[in-house]
Each structure stands twice: as C-alpha cells, then as structure tokens.
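Below are two complexes that have chain A in common, paired first with chain B and then with chain C.
Right after this comes the complex of A and B.
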C-alpha cells in the first residue's frame, strides 16, 4: 500500500484571504458579479525586486505562495517542485495572442510569451530556491492539482530518504475567459450573491473563481499538520461510479463513510452537476458534517487547492465555521476529512485527509 | 533631440514596467545594462521590439544592437539616423 504524504505547511492566495492574513475565514468577501477575484498580498517580501516588475499577476501569486509555504515548513530548498494548473497564466497568454493579431505576427515582445508557458512558475521557484531536483507541471484540466499531489505521493513513497516536496496549483480568471465560457453556459445568469450560491442550485451555471495553493509535502510524520493517505481521480464517471470509488478508497484505508467527520464537497450550485453530491449525501451518517467551499472561492480547475488548505485549517483549529457548514454532524473533533470535488461535468476527485496531531 | 530622448525614456519606462521611475530619473549617458538601470537580456529584447514598433528600426546584427542599446543617448542618436516611421 502506498505510504501517506504528510502536509507540513499550506499557503494560499484566494478570494477570501491570503497567506499573510490571520484567522480562518473571518470577514467573508462576497460578490454579485459572478467572479470571485483573489485578494493579493505584498509580493515584494517573496520575490526578487528586480524580477518582480515584469511579472504578471499569476506569476507573482504562484511564486509568493510557494515561497511562503516553504518558509512555514522551514525548508530553504525543496527536493522537488510539482504543480498543477488548468489554464496557466491566462493574462500573459491573452496578451501574447492579442499582440500577435495587432502586430500581424511581427515585433512580438518576449515577456508575455515566456510567462505564458505553464511551467514558468516552477522555473522561477526553482531559481529562487536553487532547487535543481525533479520539476514538473501537470496541465490536466480539473485533475491538474490531483495529478501533482499523486506524483508527489509516489515520489515520497519510493524515496528511501526524508524528502520535502513543494506541491501546489495556480489558476487565474480573466474577463475574456468568463465571456467565452458564458457562451457555453458555465455561469449563472443573473449571478446571485456568492454566499447565496447554494440557494440557487436548481438552476444551471455557477460562479467563476481563481487562486493559488501550495503545500510542503514530506514523508516525515513528525513535521506534519496532517496526512494525505489516498487520492483518486475519475474521468467521465457517473454518480454511482463515483460513490463506488469513494467506498473502495475508504475501504482500502480501513475506513467507511461512518468514520468521516467532515465531508468537504465541491458542489458549485449548478443543477446539472449536483447528482453526484445528492447520491453522496444519502451515504452519510449523523456523525458527518457536510460542508462546501465553492461559494467562497468560485469554480476553477484547481479549486481542490483551496479545499485542502481549508482542511488543514479545520485540523488546526478543530472548529467548523458556519459559513462552510451545510449540516453539522455529531462527531467529536475533526480527524478524518473526505474531499469530494469535481470540475464541470467530467472530472471528479476524491482525497482523504487525516489529522495526526 | 531632447524631445526624442524624453519620449524614448517614457517609452522605456512603460515597456519595461519600471515602476516609480520618471524620465528625469534616467541619465542620458548612464549604461542601461549592468550598472545604471540594471536591465537584463530579456529587457534588451523588449528594447529591440520597442525600436521596431515605434521607429521602424530592425537591428539584425547583435554587435550593433549592443552598441545601440548602451544608453538613452546612443539609442536616440541611432533612431535619428535610421528611423523609418
């Protein structure tokens, strides 16, 4: 059986808070515009001031979150850097494409092209930390972060020595992306107040979001906040198949749904994507608290990053904020958290997280 | 010439995103790379594109490019002699 990966630090930039904010989901930010943009920290503490001037928002977000996660774990140089992104740096990509059109494919500036490549953030993180170890960026739509975490877990499992891996995700939203995806029915019209998203789960569409999340993963249990014993991704699976996969994953860890304290659900208020969660709720017992998070971070390819960060906060605080709670269970304390997420219709993920304090 | 140098400085600030800098902060003869403004190789590519887009100047020879991009003064002199737009 695969050994767990242990999370020794977690950092985010999200629409609700960033890594410099104190507390957990205090002072909730809302919007009725249908897009939850991130709140940004002061980047200058984390990025070389000479380099920062030409960096786009996505680069600054990714590098600072990664560096902050390493700082919290007390790691100067990770052994590997593994990330996932659904779309990479959208602002740079759009700018480069617009330049191509405007300049008739001539006299193109290099910066937006260089930064639009998916592995740009990994490259910068490697340069800043002088890490010349394994470096990988997964671009697998809604399973991007999950692939990065799975790769990290395998690397930790196979390594015969103590390792620290920087694993994370980054995705940003742009007005043009929202406009294009609006044409294929991604978003709710009209958009409700973001915190009222689940009161409108009888209509199609959701709200857009963005964010970064980075974790220091290790195989040293003593340095950990929590463990990630198992994860699974599913493509084009029906609700019954997802439930089967959840049961198989839990059985493999000697658990059942009755052992889960908190169920973190990635439902996004879209009636067309609700069936799997309705089936899941039928399997929960009185013990389990049911929670949701996409009314706080919006829908994006790597929203699981926000949820995993929230899980680390739940373990640390042992407190379930009302803003994420749909049903409060009878469990005492928070030991087992099951994250069930999806992106649009065809990509599901299941991640088990365990408190080891 | 003075007007051209001021315009060029403004274009350099915008194109290289030199936050908090004004044209008056850039010395005409100070080196753009290394000391002085401390620009790097990606900036040199951005400056080549600036010359092409704004003045119709295409520099093919790297050695010539290095001389042209020494300072604002050398860039302005080259622009005055070779501009096509």
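Right after this comes the complex of A and C.
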C-alpha cells in the first residue's frame, strides 16, 4: 500500500480565476460561444524577463502557475517536476505546422517547434528553479495529470527523506482545435450558456475549456492542505467497471461511498458520456453533496487539475458554493472528497482527497 | 536490497529491419539503415538521408491484418504494433491480460506523420472525408491505446513524452511500477514515425546532417532522423524464474535528472550528463569501473557530443571503457531511441560484443577519448545506455548480464 501524498499548495489559471485572484469562485464568468478561455495573470513576476518575450501563451501559463505554486508552498527548489498535458502548446504546434505547409518546408524558424515539445515547460521550470532532480512529462489524454500525481506519490513513497514535488498540468484551446474537433462531434450545437450546461445534458456534445493547475506535493503532513491517499485511472471501461474500481479504491482506504462528503463529478453535459455518473449517483447516500465543475472550466484533457484545486478550496473554506452544487448533502463539514472524471475519449479517473486538519 | 528487475522479452522495428535477428545481423555486419526516404512525403527527400523503415504503411497494415489505405491507423501506431507483434508472439497471453501488467509507451509527436498531410482538410469547412478518421490521432496516447486494443490488453496504461529520452523514461517507470507493487510486469518502450514536422523542426535548428551522421567525430554536423519502435518486457527476477522464462538481462540501474541549463542545449562541460550517469551507477550499486561498454546518446550534433564525451571522460577518469553511438545505424529515432538502444545494449550483453560507431574517422579536439569503430568481442558484464533530450531531460540506464 502506498503512503498518501500531501498537497501543500495549489495554483491555477482557469476561465474563472487565476492564482492572483482572491476568493473562491466569486463573480462567475460565462460564455455562450462554447469556449471558456482563461483569464491571464501578469506573468512578469514569475518568468525570466529576457525569455518571456518569445514565449507562447501555454509556456507563460504553465511556468507562472508552477512558480506560483512553489511560492505558496515556500519552496524555492523542488526535488522533482512532473507534469501532464493532453495537447501541450497547441498554438506552437499549429503555428509550426501551418508555417511548414505554407512555406513549403523552407525558411522555418525553430521557436514554435521547440515550444511545441511536450516537455518544454518542464525544462523551463527546472531551469528557473535550478532543479536537477527527477523530471517527467505524461501525455496521455484524460489521464495525464493523474499519472503525474501518481508518479509523484510513488516518488514520495520511495523516498526516505522529506521531499517537495512540483506536479501539474497545462492545456490550451485554440479556435482551430475547436473547429477540428467539431467535425467529430465534441461540442454542443448550438452552444448553451456555459453555466446552463447541465440543463442540456440530454443532447450530445460539451463546451471547450483550458487551464493550468500546479500543486506542491510532499510527504510532510505538517505542511499539508489535504492528503491524496489514492488515485486510479481506467481506459475503455464500462460504467459498472468504474463503479467497481471506485468501491475497491475506497475499501482500500477503509471507506465506502457513505463516507464521502463531496462528490466532484466531471460531467460535461454530453448525453453519450452521462451513463457513468448516473450509475454513480445510484451509489451515493443522503450524506454526500454532489457537485460538478466543467460548466466553469470547460472540457479538456487535464480538467481534473481545476477540480483538485477546487477541492483544496473546499477544504480550507469548508464552504460549498451554490455554483458547483447539484445536490446538497447532510454531511457536517468537508473531510472526504471523491473526484470522478470522465474524458471524451473514454478514460476515467478516480481521486480521493482528504482533509487532515 | 531491492529485488532485481529483469528483461524477459524484447521487440524492435527500425531502418535496420524487423525483429531481433535482422538487427543483430545489421549490427554485426556494419550495415547501416540510412538512405533517402521513399515513404516520407517531403520536398527534402533527395536531400537528407534518414533512418526510414522499409515497409510502407500498407505493408505494415498487411503484416498486422489491418485494412490499408486511409483507415485511421497512423504510421506511428503501425510501427508500434509491428514491433509489439514480435514481443506478444512469444508472450503467455494470460500473463499480460489484466491490469497486473503496465503498458508504458513513449512518443514525441503522436500521429503527426498523418495529421501533417491532412491538416488543411482538418481546418477547412469540409465536414467529411478520409481525414475524419485521423482527427483524434495527433496526441501521443493514440499509439498506446491502439497497442492495448489490438492485443486485447487491459493494462495500467500511460504515455511519456520527454523528447529524446522518452522511452528510456518508460523503461525506468516500468521498473518503478513493479518495485512499488503497482503491477507485476511492465511492457515498456516507445515509437515514433518520421514526419515532415520533426524533420523541418530539427532542420530549423540547423542540426540535421544531409549525409550519414558521424558521432564523436570532429567533422560531425548533426543528426539523421530515424523512425521505429522498441518494446521490452520487465518483471521481477523471482517471477521470471518461477515461470521458467529466459532472462535476457538485468535492469540494474536507472536515473532521471534534468540539466536545468538551457531549453535545447546541454551544459557544455557535460555536468548534467555526468550527474545522470553517476546516479544510475549509484542506483545500481556499481562503480564506474564496473561498466564495460557505454552505448552513448551520441546524436552527432555540434552540442551533444562534446558535452556527453566530456561527461564520459569525467566519469571514467583515466580508464574509459569502450563506447559508441549506434545512431549511424538507425538514425535518431527520438522517442523510440531509448528503447531501441536499450535493446542494443542487451544484445551486447548476450552476444558479448560492443557495437561499432560507424562513420568515425577524425577525433574531436575537445575529447581525449574515441569511440570503437569495429565490432568488439569482449567480456561484457554491465552496459550503460544514455538518452538525453530537449528540455534537459536526461536518463541513463544500466543493463547487466543475466
């Protein structure tokens, strides 16, 4: 059995708020365009001023969020840097690809090619923090951040000494990406008001989103906001198999669904992907509050980063905002949060988070 | 002491051919796989030699019993499946059927090889066409999913992308997953197909040679890109012995570090590479003097070879064991390189032969050491295999005689 990982800081850039904003989901931003773009912070405080000029949006988002998460944890130099991304820097990938096609493979400049490399943000974070330690990037669709967190948990488990690991995720949306994926039915047409997403869960499609989330993970319980005792990802699994996996994960921690205070659900409003959540709701008791988040951040490969950040906010505030609440349970306080997320290409993730205050 | 992790199966496809036997033949007989490409549709086809796999996409599909044409399989996926077929042919299916096995795949540009030919259709107003089948193929996990589906696996599945060290990382992760009790066995490796995107990308960095590359040579100019896939089956020694499996080699050490020096260039004195190799030795419980052969990263780029060469000199001080880069055989196969060179390292242990560094003629001023240029039959107990990537992502693996 692996020891829990402890989360000692959480920072995001999201369509709702970024790491410099105070409060938790105050002043909700909505859209009827089907795309929730992030609100960007001032990056200059976090990134080498010489380097920043050539950096694309994804790099600036990822690096600044990572640096902010370390600042909040009071860590100058992490022991390892582990990330997950579904798509890396889409803007750089599209730019180099289109340039190559338009210029007929001549006179190309390398900046967007280099930045399109999935581990470029990791490299920059290592450079800025002078971190020579373990460095890893997972690019595994809807189970990318999850594997980064799992790897971090393994590293902490393997280590005999105190460690601080920077683990996070980054994904961005582009108009071309939205157009391309609309051809295979990713999005709702017409798009509803984003906050009304779940009123339209009888039709196919969802809304697009983007964001970054970075966490400092440690094996020092005293520094923690919450614990992450267990995590599981599944691919091509039927709803019944997902429910089995949830029960197995909880049993392994001496818990059952009846112990969950808040269920964070990755519902995306697509009727074709609703079955697992419908099965899940059959297993919840009166105690559990059922919540959702993709009407606030949109659907993307690493949206569970937004959800885990939200969980840290729930633990510290002990307050469940109406905007994420679908059903309010009878629990007193918020101790156990279960995140269940499904991503478009049939991957599921299950993450248990526990308040340790 | 941690339980030993062993390799009990390997499989490979590259410009040298398909399967271990063809690769062994090529290595021994100094037959390089570099030539002008016939499958990659680039305007630079008659300009750059590449390590292109000889099979066309339709031929690969036929080998696999899959439909040819634009049926939704990218060349990346086809290469992965063609390599994996060799490994799975020798595997006990019941042993890898459930999530007691991990599938750790590695990849740098996913299905870019297909997407780049169809991208204008992707972003056009056309709602339908063959291109639709490729819309979800750009990301790195595409080939991983296809491996699982084609071979009916339900594995603990993930995909790594750390540029040129990707599949060395996959092997290291597989070992850690086994040691931590997450899985019993792990299939680890990587795949990459040639694409115009990567060829032009590396060319824009001015580090692609038009003629066969010359690692550790004063006249080197850059790398040759290649393509391929390689996979290894990892398990605990006790599990391998219990089922009577042939043990090909022991994975005795590994390390992953970051240069933290520059986005694309290594630290010039090889500080990062040295640290990686030292930590791998420490992890293996070995000292530098135990290494008999080093399969270097040796890309033949202006920056890599002096940095890696200096790191090797510093690590071994006065007694540098034989070393070579096998990239003049295969080209730089990017995410497949770590796995392919791990397999070459294991073949070196099995055949007690160090592989030659082709095309070396002129020693570098910066180095006092030189790679071997002929197959060297010798006593080999421990092989060090280096994989260094963009973003300062460095991995060293140590393989030992079973």
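Everything below uses one rule, namely that the second predicted complex is superposed on the first by the 356 of 357 C-alpha atoms of A that agree within 3 Å, B and C clash if a C-alpha of one lies under 4 Å from a C-alpha of the other, contacts with A are read in each partner's own complex, and residues count from 1 in each chain.
By definition in this document, a contact is a pair of C-beta atoms (placed from the backbone, for glycine too) under 8 Å apart; a residue touches a chain by one contact, two chains touch by 3 or more.
Owing to the predicted nature of the structure, the values given are computational and were not obtained by experimental measurement.
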Determine, for the superposed arrangement built on chain A, whether chain B and chain C clash or fit. fit
Output check: A:109 vs chain B and chain C. Expected answer is one of first, second, both, neither. What do you get? both
Touching partner for A:157 - first (chain B), second (chain C), both, neither: second
Regarding the shared-chain residue A:81, is it in contact with chain B (first), chain C (second), both, or neither? second
If we overlay the two complexes on their shared chain A, which of chain B and chain C does A:136 touch? Say first, second, both or neither. second
If you stack the two complexes on chain A, which partner ends up touching A:50: first (chain B), second (chain C), both, or neither? first
According to the contact criterion defined above, which of chain B and chain C contacts more residues of chain A? C
Once both structures sit on chain A, report the angle chain B, chain A, chain C from C-alpha centres, rounded to the nearest 10 degrees. 60
Enter the shortest inter-chain Cα distance between chain B and chain C once the structures share a common frame, rounded to whole Å. 7
On chain A, positions contacted by chain B and by chain C: 108-110, 114
Quick one: which bits of chain A touch chain C in the complex? Just the residue numbers, please. 2, 81, 86-88, 93, 96-98, 100-101, 104-105, 108-110, 113-114, 116-120, 122-124, 126-127, 129-141, 143, 147, 151, 154, 157-158, 176, 179-181, 183-184, 233, 235-236, 301, 345
Okay, in this complex, where on chain C does chain A touch? 42-44, 107-108, 110, 112, 115-116, 119-120, 122-123, 127, 132, 135-136, 138-141, 144-145, 148-149, 154, 157-163, 169, 173, 176-177, 179-180, 182, 196-197, 200-201, 203-205, 256-264, 272, 275, 389-393
Spell out the residues on chain A that touch chain B in their complex, using ranges where they run on. 50, 53-54, 103, 106-111, 114
Chain B residues touching chain A in their complex are 15-19, 38, 40, 42-43, 45-46, 49, 52-53
